[in-house]
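Multiple structures follow.
Next, two complexes with chain A in common: one pairs it with chain B, the other with chain C.
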Partner chain A sequence: MSMLPDLLLVMLVLGAALWTVAARDRRSSVIGFIALGLLLALVWMRLYAVDVALTEAAVGGGATGLLLLRACARLDSIDAGKPSAGRTLQLLIGFCCAAMGVGIAAAALGGPDLPPTLAPAVAANIDAVGLGNPVTVVLLAYRAIDTLLEKIVLIAALVGVWSLAPDDVWGGPPASLKLAKASEPLTFLAQILPPVGFVIGVYLIWNGADEPGGTFQGGTVLAAMWLLVMLAGLAEPPETRRALLQYLVVFGPAVFLISGFSGFWLAEGFLSYPTGFAKTMIVALEVALALSIAVIVAMMLAGPSARTPR
Partner chain B sequence: MVDFYFGAGALVMILTGLALARLLWGPGPADRMMAAQLLGTGGGAIALLIGTGSGVTAMVDVALLLALLAAFAAVALCAGEPGSKGIHRERIK
Partner chain C sequence: MTAGAATIDSGALLVVSIMLPVTGMLAVIVSPARRSEQVALVILAASLLTAVATAAEVLRTGEPIEYLLGNWRPPLGVALRADGLSVTLMVMASIVLSCVGLYASGSYLAPPDAHHSRSRTVFWTLLLGLSVALNTAFLAQDLFTLFVALELLTFSAVALVALDGRPTSLEAALRYLLLALAGSVFYLVGTAVLYGAYGRLDLSGLRQISRDDLATTFALSLMMTGLLVKTALFPMHLWLPPAHAGAPAAASALLSALVVKAPFFLIVLLWTGIAPRPFSVIAGQVLAILGMASIVFCSVMALRQSRLKLMIAYSTVAQVGYLFLVFPLTIGGTANLAWSGCVLQLVSHAFAKASMFLAAGVIAEVMGHDRISNLKGTFHAVPITLTAFALAGLSLIGLPISGGFSAKYMLLTAATEIGAWWIAGTILVGGLLAAGYVFKVLGQALAPPAEGFAAARSIPLHRELVVLVLASAAIAMGFLPLDPLPFITIGRMGLP
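This part shows the complex of A and B:
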């Protein structure tokens, strides 16, 4: 019986994917991609990867969708009436994408039946860390160096977005996100939803220690709530030169680095935790990181400075 | 009972598939916004039904997140309307 929903899900995923590729205009394509993200969240759920499902739902529904749709709206006003890429380029892009898809499928299907895994080793040592969620244990204890670099990449990405600002508006606030057709229902939604979303975001961060969830999912939810307030015009994006904003952006990664280096004195080396304090330190790290992720994601979506600083 | 959960999940999935068709074809922005809402609600219902059926309690969190972000996605669809002029609207030149 459990086969039936799975089969339907696969058909819906394939349908949404085909639509995304085949849609004529850019906007329909993007909407197809957002729907695909939602369906993929359900697929990850069926594969018992609830952490991935939560990330897909939060990032796909809360961040990527808005980013791509705003990019569409902007591109429409720039290249209306211009021809799209030439036939040769289209064929080349199609070929490269197809080759990548075949490559990934070959790697996924052609490997050994039981791929090499360290999962049993993690499961055997999970009590040493004291957390209940094996994904968080791997991300913040065993492979903390990867997570640290990932957070630093986020800062680099935000610097990349900010450096697109022209000289005369450098340091000013990004363009207002307020919708051209702002309405009373939107204002109402932006007053009602953020308190609920804030609690859910904090819950996901806190829960990440023992259950699926964590910094990225929670941080993205917090960012989405801030963006909602900005979209309704109840708040304006802050100036990018503000010191508080910049401190918040580097706060999480900086705390991560300091705690990593403190491992030299307090524990066995870089990024290791003193015995008995691992859980306390990891939860504190997650809170700091989620705060920075929320600010970085929201500011990345708001875009580069577009108004002269006051 | 497990069969019932999966059967109900399959039924909701068919209905959500119809909402998906509305989201993709449109034709109007209002159709798409309502379909996005239904997709969020339907996705949440599927997560709850299948999660209960397969005994994964954390699926409740997925349903919670889908329900929350469906409302946000509706606003995002507004932001992407051709009428709104995008990022550099207020750029001073």
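This part shows the complex of A and C:
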């Protein structure tokens, strides 16, 4: 009988995916995509991958969804909301996806019953770092280089978004995010939710050392709170040339870089932590990175400068 | 224990070569726009020194340099590794980046006032972003870290395509972004399938345990397809000409000389390091056929262009095609010669193509347009630049003495020695077609100017000299002996 909830979940995922592909207009398609992201988060929960579930919900459902909705709003003012991809292109993409799906299924089903994994090695070395959450240990100790470079990717992407501003408004604030008809419930939500969301975000970051959660999930929640306030029109996006903003963007990666180099003198080389201080340093790093992630994600969603700087 | 200490010291060079440009990116973002250029040039100079020092160390010891990040051993941790090939590519990339940096210094990007700081900040940040991405791609020994390098490469390159903000460049950049991201998805799914099959992502480990089964074949085919999209091999090249031709010349030079080479390098890593037989044999044949199609088709397309920058962009797809000829040529006893030809082609094309795009930028500024049919008097206006263009053209055609000649000669010898006449024939046809498109431009540009001709604007001397330096570097590669290069085989895994 325990199969039943899982079957239901699978049907829902397939339904949301079909809806996303088949929906006639762009906006319903995006809403289907957001639903799909949230359902996938549930799937990850069922697979006991809570960290992945949190990330999928925050990034796949939340941040990407908001980005797509804003893109819809922009495009609706240009055309009548019809998807513009031609039939041939749609068929080609469909074929690629189907082929990939079949290949993954064949590879997964044809593999050994117990796929090889690094999980035991991760667990065996976790005491050397002193953290409880194996995902955080992988992200900030074993594979810290990937996490550091991913932040640089985020910064490059933000600069790419900013670069789309016309020359004469460069450095100015992005267009107001305030919705055309700001409803009272939204304003109310934007007034009471941020303190709660802030606590949840900080909890996720702080707790990420030992329990599921961490910088990316916590940072995205913080970004969501800021975006909510901007969507309700209670605050305007800041000028992109503001020094404080720019320092916040580079703060986390810079701290990571300094901590990495300090390993040459204090520990066993670049990106290694001194014995006994690993947990302290990782929690401090997570706080710094989460701040930068929150600012970068929020500014990326706010878009390029659209008004002349004062 | 002194030996151990020495290893730690040289290992730090690898960390520095990635982290120097990272530091530079962060510094450019928080510094005022007028300072961004100085910060970036200092970082580029330091990166060049680091790359040369790393190469000198590898050459001196004859051993690769390895570094375990965070002192975690793979497969748990990630290793950096500099062998003969990767330091060669690092030095090449540093030279091109530094030259392009010098070319773009001063008032090239925008007049020096507060209202035009957008293109400065964006250009210098992303130039350093490319440097981080390239060095990571050349050094990292882990499939996922290599993915991160590819992402950084893509995002930096796409925004550089859109730098001048015209609708046509934005469209080209968007098409590039969508296709490159599709390529990323292919690579990432392949990586996930490999992890599912082997439980590790480090190259040295996968090399020992990779086997010929469905999962491996599927994963490697996916990853290589994704990389082919990013490196723009025929028939997945359609995004490249508008993107590379639409960017400002300094950005085009980086895109054509360096950005398309990193995915090729990754294909080489997969092919030599992980691909099992017989998959590697079949894949090698397919890659070479696509390479030949690129050479013939895109050389003809280059010949038919009426705009200079589009012609040079099509030439990039054709010249990158030569790199893919190497795979079937490594089966016989001439493998070392073939690899040497391939690496020489990669490096000399980087110098020649960077020089040519920068020259095209100068020509467009001086003439006020880049229509090939209307370039009379260019030599009269910018003799140094046009000399550089001609030298770079010699290398692309493969006329002696030039890096391009040595490269194509080595590939040709390897091909005839194993009786691969189809490859040998394509190399010759490609050379003839390249001669066609290069001389088409030179014929116009060397003609005396029409009466009443006046240059649209004057060009600072340092920019013309940089173009000449790059072209001379492509020529200088031709003075290497026509033997297999011993340097590139130092520490290379999987090479015969």
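Miscellaneous remarks
Just so it is clear, the second predicted complex is superposed on the first by the 303 of 310 C-alpha atoms of A that agree within 3 Å, B and C clash if a C-alpha of one lies under 4 Å from a C-alpha of the other, contacts with A are read in each partner's own complex, and residues count from 1 in each chain.
Here is the rule we go by: contacts are C-beta pairs under 8 Å (C-beta built on N, C-alpha and C of every residue); 3 or more make two chains touch, one makes a residue touch a chain.
Predicted, not measured: the structure shown is a model, and the values here were computed from it.
Upon superposition of the two complexes on chain A, no clash is found between chain B and chain C, which fit side by side. Once the two complexes are overlaid on the shared chain, A:L149 sits against chain C while remaining clear of chain B.
Of the two partner chains placed around the shared chain by superposition, neither chain B nor chain C is touched by A:A49.
Of the two partner chains, neither chain B nor chain C is touched by A:L245. In the superposed model, A:A235 lies in contact with neither chain B nor chain C. In the superposition on chain A, no contact is made by A:V202 with either chain B or chain C. Contacts of A:A17 after superposition on the shared chain: neither chain B nor chain C is touched.
Look at A:G110: by the touch rule set out above, it reaches chain C but stays clear of chain B. Of the two partners chain B and chain C, more chain A residues are in touch with B. Once chain A of one complex is fitted onto chain A of the other, the partner contacts of A:G260 are limited to chain C, with no touch recorded for chain B. With both structures placed on the common chain, the touch criterion links A:A157 to chain C but leaves chain B unconnected. Superposing the two structures on chain A brings chain B to within 14 Å of chain C, judged by their nearest Cα atoms.
In the superposition on the C-alpha atoms of chain A, the part of chain A touched by chain B in one complex and by chain C in the other spans residues 168. The touching residues of chain B, counted against chain A in their complex, run 2-3, 6-7, 9-10, 13-14, 16-17, 20, 23-24, 26, 32, 36, 39-40, 43, 46-47, 50-51, 53-54, 56, 58-59, 61-62, 64-66, 68-73, 75-92.
Looking at the complex, you find that chain C touches chain A at residues 8, 11-12, 15, 19, 22-23, 25-26, 29-30, 67-72, 75-78, 110, 115-119, 121-122, 125-126, 129, 132, 136, 140, 144-145, 148-149, 151-152, 155-156, 158-159, 162-163, 165, 170, 182, 186, 189, 193, 196-200, 213-215, 218-219, 222. Of all residues in chain A, only 1-2, 4-5, 8-9, 11-12, 15-16, 19, 23, 27-28, 30-32, 34-35, 38-39, 41-42, 45-46, 48, 50, 53-54, 57-58, 61-62, 65-66, 68-77, 168-169, 174-177, 179-181, 186, 189, 193, 196-197, 200, 204, 207, 211-213, 217, 221, 224, 227-228, 231-232, 303, 306-308 touch chain B in the complex they form.
In the complex of the two chains, the chain A residues touching chain C come out as 96, 100, 103-104, 106-108, 110-111, 115-118, 121-122, 125, 141-146, 148-150, 152-153, 155-157, 159-160, 162-168, 170-171, 243, 246-247, 249-250, 253-254, 257, 260-261, 263-264, 267-273.
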